[in-house]
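In the two complexes below, subunit A is the common chain; its partner is subunit B in one and subunit C in the other.
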Partner chain A sequence: MNYADYINLAINGLVEGLLMALPALALTLVYGLARFPNAATGDFVTVGGFAGFGMHHLSGSLVVAGLGGAAAGAAAALAAYWLAFRPVMRRPVITLMLTSIGVGFVLRAALGIAFGHEPRAFEMPLQRAMRFGDISILPADISLALLTIVVLAAVFVLLFMTPLGRSLRAIADDPDLARVSGIRRERCMVAMWAIAGMVCGIAGTVSGVRTVIYPDAGWNLLLPAFAAAVIGGLGSPVGAVLGAILLGMLQELATPWTGFVYKIAIGYVVMVIVLLVRPQGLFNRVQKVR
Partner chain B sequence: METYVLTIAIVTGIYILLSLSLDLQYGFTGLINFGLAGFFAVGAYTSAILTMKTGLSPLLSFPAAALAAALLAWPLGRIALRLRDDYLAIVTLGFSEIGRLVLVQEQQYTEGVRGIAGVPRLGASWGTPRFSEMLLLGMLVLCIVGVVLFLRRITHSPYGRTIQAIRDDETAVRVLGKEPAVFKTQVLMLGGAIAGLAGAFFAHYMTYIVPDLFLPLVTFYIWMAIIMGGVGRLRGAVAGAVILVAFTEGVRFLRGVIPGVSDAHMGSLQLGIVGLVLILFMRWRPQGVFGARGAK
Partner chain C sequence: MKPSRTRNQEKQMKTIHSFVMSAVGLAALCASPAFAQQATFQVGALTPVTGAGAPYGAGMSKAIEIAVAEINAAGGAKGAKLVVSSEDSQTAPQAAVLGAKKLLSVSNVKALIGVWSSGESLAVMPLTNEANVLLMHASGAPALSGPPVNDKKLGFRFQATNGRFGRAFAEIAKREGYTKPATMAFNNASGLGNTEGFATAWKAAGKEVVASVVYEPNRPSYRSELQSVLRAKPDVIVTGSYLADTTIILREWYQSGVNTKWIIPGWAANADLIKALGPEVTEGIISVETVSNEAAPSYKHYAEAAGKAGINVQGNAYAAMAYDQAIILGLAVQAAGPTASGTELAKKVHEIGTAGGTQVYTFAEGKKKLEAGERVSYIGASSALNFDEFNDVTPDFAAWKIEKGQLVRKYIVKL
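Let's turn to the complex of A and B:
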């Protein structure tokens, strides 16, 4: 290992972190407004991945694939909200969590029955990595990272610079105060689920392009996304993104010592340490226990 | 036919132990353990490795399996129980997934994905495989009776009233001067021990264990069992385990009857049904069929 290998790992980690930031952001948005860790997040990602794969197959365009993934992710999230989550919204958190596990299982089963369990790869032209000395970068990684950054930027503009975003943050901050201020909660919920679903769907397409897509793909992304969101502080969008990037780079840089299998474990260990030392997350203010 | 009945009885017994473990944790105490499969795996691997590598008698390796699972529950409790409920779910789910990675990676002990083959049957030197299965079933029944009596006793004691009070109103318990985190850690360890014991039975019954036997699906099978059977009642846990076996066997039966359905499709279908059951029960009957009225 020389310095170039570490830089290569760091670049790879950055791309993986950006990719992980999308489901982590979706998790944290749902947590902020609906107040439960949504275990179906990963399966929204898978739905988006399959839709993106299908659109890419039909059109050959990555942009169309991304749009298709986003639309399918949003559709899955909204359907889950209306059919499963909304009827139990005011119940204890365990009810919502088990419901989300159920939603995830149903989505995964539907995908498994419809498309089978063979991993599918996007038909992409083979590209030569760009080399700068010993450092090599895949052009596809650059475009995927840029795409992810654009999506993240769009979500943050929406959250912090539009009236809808202000309403969403107000509800996350204090639901009662938001209600007496005349914020229409239901409209915000629908918007939030649509945004979370879109973000997941795009994540599915991006991760499908980078690797392969199969029915369990999203579930395997869930734990790292949980870890990233908890590290950043559940409910904090900025924290989720920073947590994901931090975790992505840490995971990659640690592989020379820990081996490939334990990559996911690193996220978990970091999450546990953060929970012990700073339960509110690295980038969050102190949380109220409601 | 006789073999089939024996198999069903043993599998049901193992599910009953797991359901009792989860019912103690969730039904009575309100702890959200999404890592039950992890404790089950720890028990199975502990007993398998001890009997095979050190030649320990199952009489000692079964308690060791329970102990190992209980000890692993301790740090989890320390980490998560000071935080809100939902963190325990994330931490335990992560624990079971990471546990599976450890089983895959630490090959010098666990044989990795190839799994441990030839875990000794109980009393293998005294008789036929049939005899050792009967022996295992006998021990299993004894253990279930023991666990049920024990749980009945503690749930009807001041201790049991305290943990149920924690489930219903944690703040009130704290105001009364009891520390919920202590009780929760104890319950987590006790439940872990029961799941570990179930794992030991499983390993010596299957005689061949691989990490993929301990997927999170196992955890949610048991969740489905206690939710269908009834939360916060021991008889609910037993009923749920029976329903669960009827379900898994029913799916297997269907696979034989319907032509042209692949195993993968059946697996997906099974997953989908578990998911649907969770959604529907959570919405319409969260306390289960025979659930206690006071339970969440």
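Let's turn to the complex of A and C:
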């Protein structure tokens, strides 16, 4: 191992972290407003992946694919909200979580029946990596990283610079105070699910372009994304993104010592340590006890 | 006195009547299972109709139906008609266990056939051992061979073990002139079996494996894993992987721009892989898969019937294995009788599946010879069978090369 190997590992980790960041952001957005960990997040990602794949097949354009993925992800999330989550919204967290697991099952099964289980890849020419000495960087990774950053930036602008974002944050902060201040909760919920769905849909397209699409693809992304969101502090959008990047890089950089089989465990070890030392997450403040 | 005698007579009559009735009832109770056992022999088909095995499961089910129809058309096995109950294993151990339990307890099957992946076979075998029922499968995991899993020797494998796949890989690597191989394997019994089988055979010839990586499946990227293997500058990488991770690995390898060759098991390097990655990336990849017993009359006989039934004869080697499972089971029932225990049937399957007897290629032929009191050896459509001490077969392998987006069969490897 020389320095270039470590830099390559760090680059791989950064890209994996960015890939995890989008579903982690969606998880944290839903958690912030609806107050439950949505286990169907990964399956919204898969829906976005299939839609993006379909749109790319039809149009040949990655931009159209991303828009298609975002639209499908939003549609799936809104449908799940209206049909499954809204009727049980006032029940305990465990009910909502189990509902979300059920929604995930239904989506995965539906995709399996509709498209089969063989992995599919985007039909696009593969580019060779750019080499700087022993360090190699993929042009495709740069564009995907840029796209991810643009999506993250758009969500942050929406959350922190618009009236809608202020309402969303107000509800996340203190639902009762928000309600008495005249914030229309239902409208905010719909907006939040649509945003979370779009983020998932784009994540599906991005990971589909990088890897392959099959009905279980998003499900496999769920646990790392969840760990990232917990490390960053559930409910904190900035924390989710930073947590994902931190987790991705730690996992890859740990491989010279842990080997490849156990690198995933590193994520969970870090999560446990964070929960022990800073239960609210690295980038979250302490929650009020209600 | 009179009335009391009448009462006595009545009592007697009642006693006789109830005795006769219960005797009739008892006889009926005893007779019906005996009758059912003579008339039918229950077979369970536990095939992967959905899940990762779905490309093969439907063909396997059809092949079992073809075989059973042949057996019944020839008058059944020792007078018993074979009746098939089917369950979908969903290529998932949990679902396979549920299906197996149903087949064993509700359908009362005497043999489970058509089981596909190693995970399913490993999960189901304790149940069949417990029930003293045969298990015939097409799984590769070496653990399925000996004790503790198969200590009762009720399990029969119709596919090469992953260890044998590994030996075939080593044979092909040698033949292609490679000197610096590396391995990459999925962290499960099948993946590790392939690459460890390769490494054992390769090192036995006094040669070195330059790097080996074991990875966790279902990752979005395997770039760090690849980087670690490629650092050793191998001239070929031998894999034990499935289709999804192979697609991602090859895509990332091609993008890395490093030159190397690949030897990949046939269930991962197939038409779907070429479709996903295109001809440029896949050019020159060697795909290794067992081949059916193509020169045998049993294969020709099977291929004709299977083709008519819509089975992909060339692309689904597992269907031929499922067909052989049903035929050899029928022959064992013919030899041991439909009421034989699992252990007795297993002994007969082993005997009929090894060399030394008169070679037969169909059930009808075998039945005639068995009735004449001869010892027979069934030469299968999937392989010549020849069960070893662990009830494992050694089929032939074919090396295919991907050339301009087409799988081209190059040569046969016999172990």
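In the analysis below, the second predicted complex is superposed on the first by the 288 of 290 C-alpha atoms of A that agree within 3 Å, B and C clash if a C-alpha of one lies under 4 Å from a C-alpha of the other, contacts with A are read in each partner's own complex, and residues count from 1 in each chain.
Simple rule for what comes next: contacts are C-beta pairs under 8 Å (C-beta built on N, C-alpha and C of every residue); 3 or more make two chains touch, one makes a residue touch a chain.
Just so it is clear, the structure is predicted and the values come from calculations on it, not from any experiment.
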When the two structures are laid over each other on subunit A, do subunit B and subunit C clash or fit?
-> clash
Can A:G259 be said to touch subunit B (first), subunit C (second), both, or neither?
-> both
Using the superposition on chain A described above, determine whether A:L221 touches subunit B (first), subunit C (second), both, or neither.
-> second
Subunit B versus subunit C as contact partner of A:T46, first or second or both or neither = neither
Of the two partner chains, subunit B (first) and subunit C (second), which one does A:A129 touch, if any: first, second, both, or neither?
-> second
Should A:H117 be classified as contacting the first partner (subunit B), the second (subunit C), both, or neither?
-> both
A:N38 contacts which: subunit B (first), subunit C (second), both, neither?
-> neither
Quick one: classify A:L9 as touching subunit B (first), subunit C (second), both or neither.
-> second
For A:V88, is the partner it touches subunit B (first), subunit C (second), both, or none of the two (neither)?
-> first
Could you list which residues of subunit A make contact with subunit B in one structure and with subunit C in the other?
-> 112, 116-117, 259, 261, 264
Complex contact set, residues of subunit B against subunit A | 26, 30, 32, 34, 79-80, 82-87, 89-91, 93-95, 97-98, 101-102, 104-105, 220, 223, 227, 264-265, 267-279, 282-283, 286, 296
Residues of subunit A that touch subunit C when the two form their complex | 5, 8-9, 12-13, 15-16, 19, 112, 116-121, 123, 126-129, 131, 136, 138, 140, 207, 210-212, 214, 216, 220-221, 252, 255, 259-261, 263-264
For subunit C, which residues count as touching subunit A in their complex?
-> 50-52, 54-55, 187, 213-216, 218-221, 223-225, 227-228, 231, 243-244, 247-248, 251, 254-257, 272, 276-278, 280-281
Flag every residue of subunit A that touches subunit B in the complex, lowest number first.
-> 36-37, 39, 84, 87-88, 91-95, 97-99, 101-110, 112-113, 116-117, 215, 223, 226-227, 230, 259, 261-262, 264-265, 268, 271-272, 275-276, 279, 289
